[in-house]
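Beneath this line is the structure, given in structure tokens, with notes to follow.
As written, the chain order gives the labels A, B and C, with residue 1 at the start of each chain.
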Amino acid sequence: MTSYTTEIIDDGKMLINMGPQHPSTHGVINFLVETDGEVIDRAIPEIGYLHRGIEKIGEMVPYPGFMPYTDRVDYLAAMFANESYAMAVEKLLGLELPRRARYLRVIACELNRLASHLVGTGCMPMDLGAFTPFTHWVRERETANDLTEELCGARLTYNYLRIGGVSQDLPVGFDKRLLQYLDHIEPIIPEFNRLITGNEIFVKRLANVVPVTGEEAIAYGLVGPNLRASGVDWDLRRDLPYSAYGEMDFEVPIGKGVRGVVGDCYDRFVVRIEEMTQSIRILRQAVEGLPEGELTCKVPKKIKPPAGTDAFARTESARGELGCYLLADGTDKPARVRFRTGSFAAMCIIEDKSPGLMIADLVAFIASIDVVAPEIDR
Amino acid sequence: MLQSHLPLFLVLVVALGLGVFILVVSSLVGPKRPSAVKADAFECGNPPSGYARERFGVKFYLVAILFLVFDIEAVFIYPWAIVFSDSTRGAGTLSPLLVVVEMVVFVGILMIGLAYAWRKGALEWGPEHGKGLETTTAGH
Amino acid sequence: MQDLVSFLNSQLQTVFGLSETLFPYVAAAMVLAIAFGFTVFAAVYAGVFIFFERRIAGRIMSRIGPNRVGPQGLLQFIADAVKLIFKEDIIPTSADRPLFKLAPYLMFIGVVAGFAVLPFSHRVIAADLNVGLLYVLAITSITVVGVLMSGWASNSKWALFGGMRSAAQLVSYEIPSGLALLPAVLLSGSLSTQEIIMAQAGSPEHALTAGGWPWNWYIFHSPMMFVCFVIFFIAQLAEGARLPFDLPEGESELVSGYNTEYSGFRFGAYFTAEFANTWIAGALCVIVFFGGWQIPGAAVPSAEAIAASGATWTWFGYSIEYAGWGAFWLEALSFLFFIVKMAGVVFIIIQLRWTVPRVRIDQMMTICWKYLLPLTFACLFLILGWMIVLPWESTAALVVRIVMALAGAVLLALYAWRVRYNIHSAGDKVYPHWII
């Protein structure tokens, strides 16, 4: 940070720290913003500000013991980090999951995606000054959290998945309550759209703001909703199906430039809203078609993959592809753990896209790419 | 005239007195635990980088200048409104139409000024979003 | 205020038999007391309004809002004020101390002084100035100085950004807001707030034209006048830094804007001033566009009649003595009318605040300079023409006003219906049920 400061102060522009104590940097993020008061010359995200060394911890704990740590990768969508890690270990061991476990994973993950998008799309209007939609979405998220709590006893850091399956079966009556919740939230999404998505000020603030073209999105390695908003039709759940997604019927919403150009902030917002509808659709199918069977497959007592083997598994997280790389060294602990996260890639595009934006646009941009601070740095 | 303003000053004095009183009470009962960090300027939890009073966007000053022009004119229109109102009641010596025409000329000149400022880009703020952008879609 | 003082004095003299020699001292004490009363009234009203806003915000956000201190949380603002008084007053070391301390006073004074010319009824007004309207516009712009001063004195970047933004915004919107009031001055021929209110009346002979019937309100004078009201309303939203124009303190962009560095009661002064500003905006709307405190059917005695003794209010055929207690109740009723109308305007401001996002600064400037300003001038000249073609007293003008008022009623009904629809479609109910 110091080197940046001296380097930029020389050209006589005003420098300002945005974050960590700033309402629109979601979590502990720090930007160094060079501005004339309104128009930004450069916004430099400080990547590494919230580095906690989760990957290093992974090298020091046995394979199953790392699962709770993965929850801390992305606190809004912890289930996906669970799943990425579990899938990577399963790949190392060559495990085949029972069908019921796959379905339960889909239920857990999609419920989590719904909860995560509720926060993401709720924060967007909040960062533009409209507080009300956020409170409504948090109200809805509460039920989603309650359901997850029933499922695994936790509301934020789930630790629900296990290597080779899931930790617990659905509680009694869970499917009924989940369907009830889905019936409840489905008509609320149009209500939300009426309240905020179609709001003229909202559209004017987001449409045409910071468009990211498809080529750019691929070049910067954007993933998930951010990539799809740029018009790139790519979703792991459909294109490289894992767990039970191959058996699900759903659509992949992509950015169409409804009110501006493809890939603008508005598209990124709309894609997330549409993904919520699809999540509801998937959840319905998963609950209704839940097969009977085991919760876990046969997992060796001591997990010791042979030295030198490695595995990379990726899931479609709420923030895009969440990859987990594992390198085994023959002991019960991995030699190397590495996460490839969506927020990290999204963070990297900010600096190059920032020149010429206004402070308000930067806020909208950060909100639209839906970064979560701990996921940037792990 | 002065007598009608007297209550006004009284209200002002009382308001000021109330404000001072509350602040004095606050300084008496409030805690005083100063520290260097607490007394730092707020910059989102970081030590301030550089000074606040540096080069600043010139547009704000431009707005101030525009305001000066237009607000003085607006204030000038107020007495005129009274004159017009009197003339419609036959109280003044001028015919209402003449009064209106005078104001049309005056505001016309003002509007030319606005058009000039507009053309010169004094009313433009920041980047124009979505100008010159093409709609692109890429497949994977 | 002299009017109020002399009224109370005469009552005191007749009731308690006070001697004439004591009169100046009693009057002076009374003037002070009334001035103090107005200030406290302003503070209390701001507090009640804060309660009003927070409960409505709670309702909109599907939560409860403050309901612990006092009946239904009505005294929450007192608890808040006490809390703020007991907070530490922090002044940053890099700040310009004198300016930093002075700025909140300017805010406070700007608002309270603006308050002084608001007529709540025929007699409840601190100072009826002959330039009242101009005075309100002028004195409330002192807050611009306060805001800019606080932004500069804080010597903190976020505060400076907020100060600059709000200076740009407040001065820009001063122009359309000032010009949108001009048609009312044209129509009434006066700048006094009282006279503008009293001019919004038809012929005093007939109960259906006298006093504050909606078709006598200036807002329904002509379609352009309605546009003027909308312009004024938007401009006042910006003046009061309310959403969608809360850029000066837009908390998700500028942390807290110009008052970032303030704490304790200095922050409280900003907070109160901001709320009171909204209230003044509502009051100005009511004074200029909604007939002020006028009661439907009640013809107020003229100034000459009051000067000569024996003046009466006439209300639906009844004559009520101006100096008597009967008139007192009429005053109380008009006070109620004023407050209810104002609460209506303020309610819409609050509802907007919790419904819409914030505009960007370039959009804010565009709205002001490229749309509102030319539109205001156009309206001004159209109204001039309208006044010459259709004078206020003519029957045709009255018919147009009645049609406009009916259209306004339809608009209001549509609005209420939309609110009801939205509440009910969310599966919600309004208590008590009969409201909507």
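Everything below uses one rule, namely that contacts are C-beta pairs under 8 Å (C-beta built on N, C-alpha and C of every residue); 3 or more make two chains touch, one makes a residue touch a chain.
These numbers were taken from a predicted model, which means no experiment stands behind them.
Undergrad: Which chain's mean C-alpha position is the greatest distance from chain A's?
TA: C
Undergrad: If you tally the C-beta contacts, which comes out ahead, B-C or A-C?
TA: Result: the pair with more contacts is B-C.
Undergrad: How many angstrom lie between the CA centroids of chain A and chain B, rounded to a whole number?
TA: Spacing between the chain centres: roughly 43 Å.
Undergrad: Where the CA atoms of chain B average out and where those of chain C average out, how many Å apart are those spots?
TA: Chain centres of chain B and chain C, defined by C-alpha means, are spaced 18 Å apart.
Undergrad: Whole-Å distance, chain A centre to chain C centre, using C-alpha means?
TA: 47
Undergrad: Where in chain C do residues touch two or more of the other chains?
TA: Where chain C meets two or more other chains at a single residue, that happens at 157-158, 160, 164-165, 255, 360-362.
Undergrad: Quick check: what residues of chain B touch more than one other chain, meaning two or more?
TA: Expected reply: 42-44, 48, 52, 56-57, 59-60, 125-126.
Undergrad: Going by the contact rule already set, what residues in chain A reach two or more other chains?
TA: Answer for chain A, listing residues that touch two or more other chains: 14, 16, 21-22, 37-38, 358, 361.
Undergrad: Provide the residue numbers of chain A that touch chain C in the complex, in ascending order.
TA: 14, 16, 21-24, 37-38, 125-132, 135-136, 139, 188, 191, 195-196, 199, 201-202, 204-205, 358-361, 363
Undergrad: For the complex, give me every residue of chain C touching chain A.
TA: 60-63, 157-158, 160-161, 164-165, 243-244, 246-247, 250-255, 354-363, 425-426
Undergrad: Report the residues of chain C in contact with chain B in the complex, numbered from low to high.
TA: So the residues of chain C touching chain B come out as 1-2, 31-32, 34-36, 38-40, 42-43, 84-95, 104-105, 108-109, 112-113, 115-117, 126-130, 134, 152, 154-160, 164-165, 167-168, 171-172, 174-175, 178-179, 182, 185-191, 255, 260-261, 264-266, 269, 360-362, 365-366, 369-370, 373-374, 377, 380-381, 384, 387-388, 391.
Undergrad: Show which residues of chain B lie in contact with chain C when the two form their complex.
TA: Contacts found on chain B: 1, 3-8, 10-16, 18-19, 22-23, 25-27, 29-34, 36, 38-44, 48, 51-53, 56-57, 59-60, 63-64, 66-67, 70-71, 74-75, 77-78, 81-82, 84-86, 88-89, 96-97, 100, 103-104, 107, 110-111, 114, 117-118, 123-126.
Undergrad: For chain B, which residues count as touching chain A in their complex?
TA: Residues of chain B touching chain A: 42-46, 48-50, 52, 54-57, 59-60, 125-127, 129-130, 133-140.
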